[in-house]
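Would you mind keeping the following structure in view while I ask a few things?
Labels for the chains are A, B, C and D, by order of writing; each one numbers its residues from 1.
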């Protein structure tokens, strides 16, 4: 019995389906129950949150959490499906401190809101950037210009008026 | 004949002025010149001219030494790090300091907009001039001393205490947080390390009973049992180690280079300086390196005194001032090499660890050293 | 003084000083390794991926290198009567994919790595600068 | 900066805000720390990243699988082979490609060499930040030898593009193994030199011991991996416990230290270099003979072939079947993972990079709270991040 099946047995209401992500067990879960299932997974020994991936499938978003258990040497992936209009899911920062930046990055690049995240601001792109680049509908042809403002913050403008030296 | 007398120590000149007058007399041109000046009633002018000439010679010597030291530093670092170091300018890169100077002179002199202009401009001078003034009472060789002050050691310690003020001025006036932190660190460091420095110097003064540097050096001439030089390092091993560590801290070199620790504070108190002003800090740093090493040599390694004087044939007696100068320079360079060598080996300490070391370890040890020395002297052991 | 309770002898530092001194005097296979660059150069390995070279006879101007270039570095331009690649070295990743994909083995990369220039235009290497075999052909 | 006597025994000072970076000698690139300082001690540290963001993940969606490999070189540019391999491993798992044994040996060889290179640079720059510039020069001397080997092998010194789906780009050239053996022999003596120079140095101990302490549990919680995690006493190495490639056949031990401070992380790196040398010796001894790429479909016309000889032409279209995979390896800096989603076309639908530097940097704010700026530098140096890897 792999970890996904174990989870299914423990929380039958929350796990929608189980499957394999190639050769690693994966469970698709309800987005409302993410924290509950992840907490259960942590109790099962999955103490390492390896990565948080957000994927834009045009009609819906998927967020995939890859866990690993140092004690059992097993993998586990949890997947939640989100509506395209309202990409929101609970934050795992209460369980894993390492989720902080991973979720911020997913918010920054894919635009998924993590409810309950203490500091959900952009991390790689400057504050005020328009759009989330890893969405499939991101407009790549519009230029955005960034400078450092008076108090050290990033200033973004669409036409480059804030640049000291125009190109 | 007279040189022979000099060599045996019967005649010693108090300072270089008298040596020059003696030499001029010896070759017979002093009186004609003196008479020319006397004609116009300007005898004092001749004295001033001679003193100015010797100061000029000294400063040129110091500046050349500094330039050589910058080259040497880079070469030693390069040797440790399996590199060549400067190789292009001049033979084996010897003219590199000249090129550096030319480059720095050619640079734009930037004063930050919000800097305190006057203090900012004054600070490099205030650090550079004391760095040169320290050399006034330092004996470079027999009779080779500008002025044998009877408070020579005190003068040296007092003059080198000016540099923290200049550093604080530079750090404050730059209006830069890194500069300010560097300056505050430098002041804290200098304050805490001048104390063990002075305390271990006092232990030496106990032996000589005089603050005059010439007296200190003279007290170290000769040998015990014919083969151990009478250097104070053998009487004061702990004092020597404390003085060496404290003087490396005074120089502000790794492992104690907090004033400019480049990986933490970018460049410390001279972050905002450029061009010639930066060059002054740079030169002052190496002047410090040379002067502090010279002081270590004077206090603990016998200064210019030649331990095995009797091995020098009497025919070379005329060269005694030159030989003593060479001996002094060699000893000084040994200390400088040690400082450079240490710099390439150890990482930097942390500022609180440095202050801990200074206040909690070095000052008690220096006091203990002083106490033991005084007790042993009272008991008549020395 | 508890913070420095042990290691009073500073044995570690003395050990380190000995090692650095060995380097100063180059004791035991610790030679100077720097190469004085403008005066002497390092030997470039035969596989080095530097500036491109295009075999004039082999190149058929098919444009496979153009489509496979990750950075759109290569464009096919007309040179004399035939079509040859033109490489914008300023954008090149020097990944060697163009060499891998060339069906005729016409593209290769030379050991020329000194490609700095004064403006961006001169970084665009046209066929006139990339083709070899030219003289041999005549 | 004025001292305010606030009553009682507490002397408090005004807060000082320091902007450390993005241009600063010891932030290893363009990292920026916003520091709220109380005198010299750090009250709050906020890392600001993204100054080197190049949109590698977006680029991954726009390039074909083969075209994306050169871009992985630019993530962690100090150790690019593991980046190559991590992506290629994901693609191979996705497409089910068999890899010849010799190719796997060459891959492991390059990755272990790269681990040595990475640790040399990591230790060197740590020591340079602490003020001992000698180590980085010595490290770069050995690194240069390794880079020469890389150049010999694949023609590039840092950005290799060498590991391809199905194998490696080219077989080893003539005279590579003797040169590698020479390097290995040399390296042992050099590591002794390093240990003599640094390991016992009392000042180094003062700077590193009990600085930036993190317990194993916290380290796992923060998502730390690699040498940083092993410095905290967690015995984990993907090469050992989730083995890939030929690592199951190799004999090596996982270097673990219990202390969890900066010194432990440093020592783990030092020991790993020795283990890598051990692995390399086994790889060289057991190098099998076979082809180095399984199918020419993914590859590669011989680079040194005679010009104008017509090689067989392939329509080099490589499209893995639809699916998704998360594949991770033990890169020198920690766990490097690639999440690749294929929709059956020649370009990945989504590439997500789990970079070790990014995740290891997460813990910095809590790691350095209450320490001083020099300790921040020491702790940061032992985490050993490369900003190309953080910002991607």
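Note that in this section contacts are C-beta pairs under 8 Å (C-beta built on N, C-alpha and C of every residue); 3 or more make two chains touch, one makes a residue touch a chain.
Just so you know, these numbers come straight off a predicted model, no measurement behind them.
Apart from subunit D, the touch network of the chains falls into the groups A | B, C.
Counting C-beta pairs in contact, the chain pair with the highest total is C-D.
Chain geometry summary: the mean Cα position of subunit A and that of subunit C are 39 Å apart. Per-chain CA centroids place subunit C at a distance of 22 Å from subunit D. Note: centroid distance subunit B to subunit D, computed from Cα atoms, is 47 Å.
Shown for subunit B are the residues that touch two or more other chains, namely 80-83, 344-346, 353. The set of subunit A residues touching two or more other chains is empty. In subunit C, the positions touching at least two other chains are 3-4, 13, 16, 19-20, 30, 33.
Pairwise chain contacts present here: A-D, B-C, B-D, C-D [touch as defined]. Those residues of subunit D that touch subunit C in the complex are listed here as 63-64, 66-71, 73, 134, 141, 144, 148, 151-156, 159, 161, 169-170, 173, 186, 189, 193, 196-206, 299-311, 313-314, 316.
Of all residues in subunit C, only 1, 3-4, 13, 16-17, 19-21, 23-24, 26, 30-34, 36 touch subunit B in the complex they form.
Considering their complex, residues 1, 16, 18, 24-26, 40, 127-134, 137-138, 141, 197, 201, 203-204, 206-207, 372-375, 377 of subunit D touch subunit B.
On the side of subunit A, the complex with subunit D involves touching residues 21-24, 47-51, 53, 55-56, 64, 66, 70, 73, 77, 96-102, 105, 109, 122-126, 133-134, 138, 152. Those residues of subunit B that touch subunit C in the complex are listed here as 76, 79-84, 87, 341-342, 344-346, 353, 356-357, 360-361.
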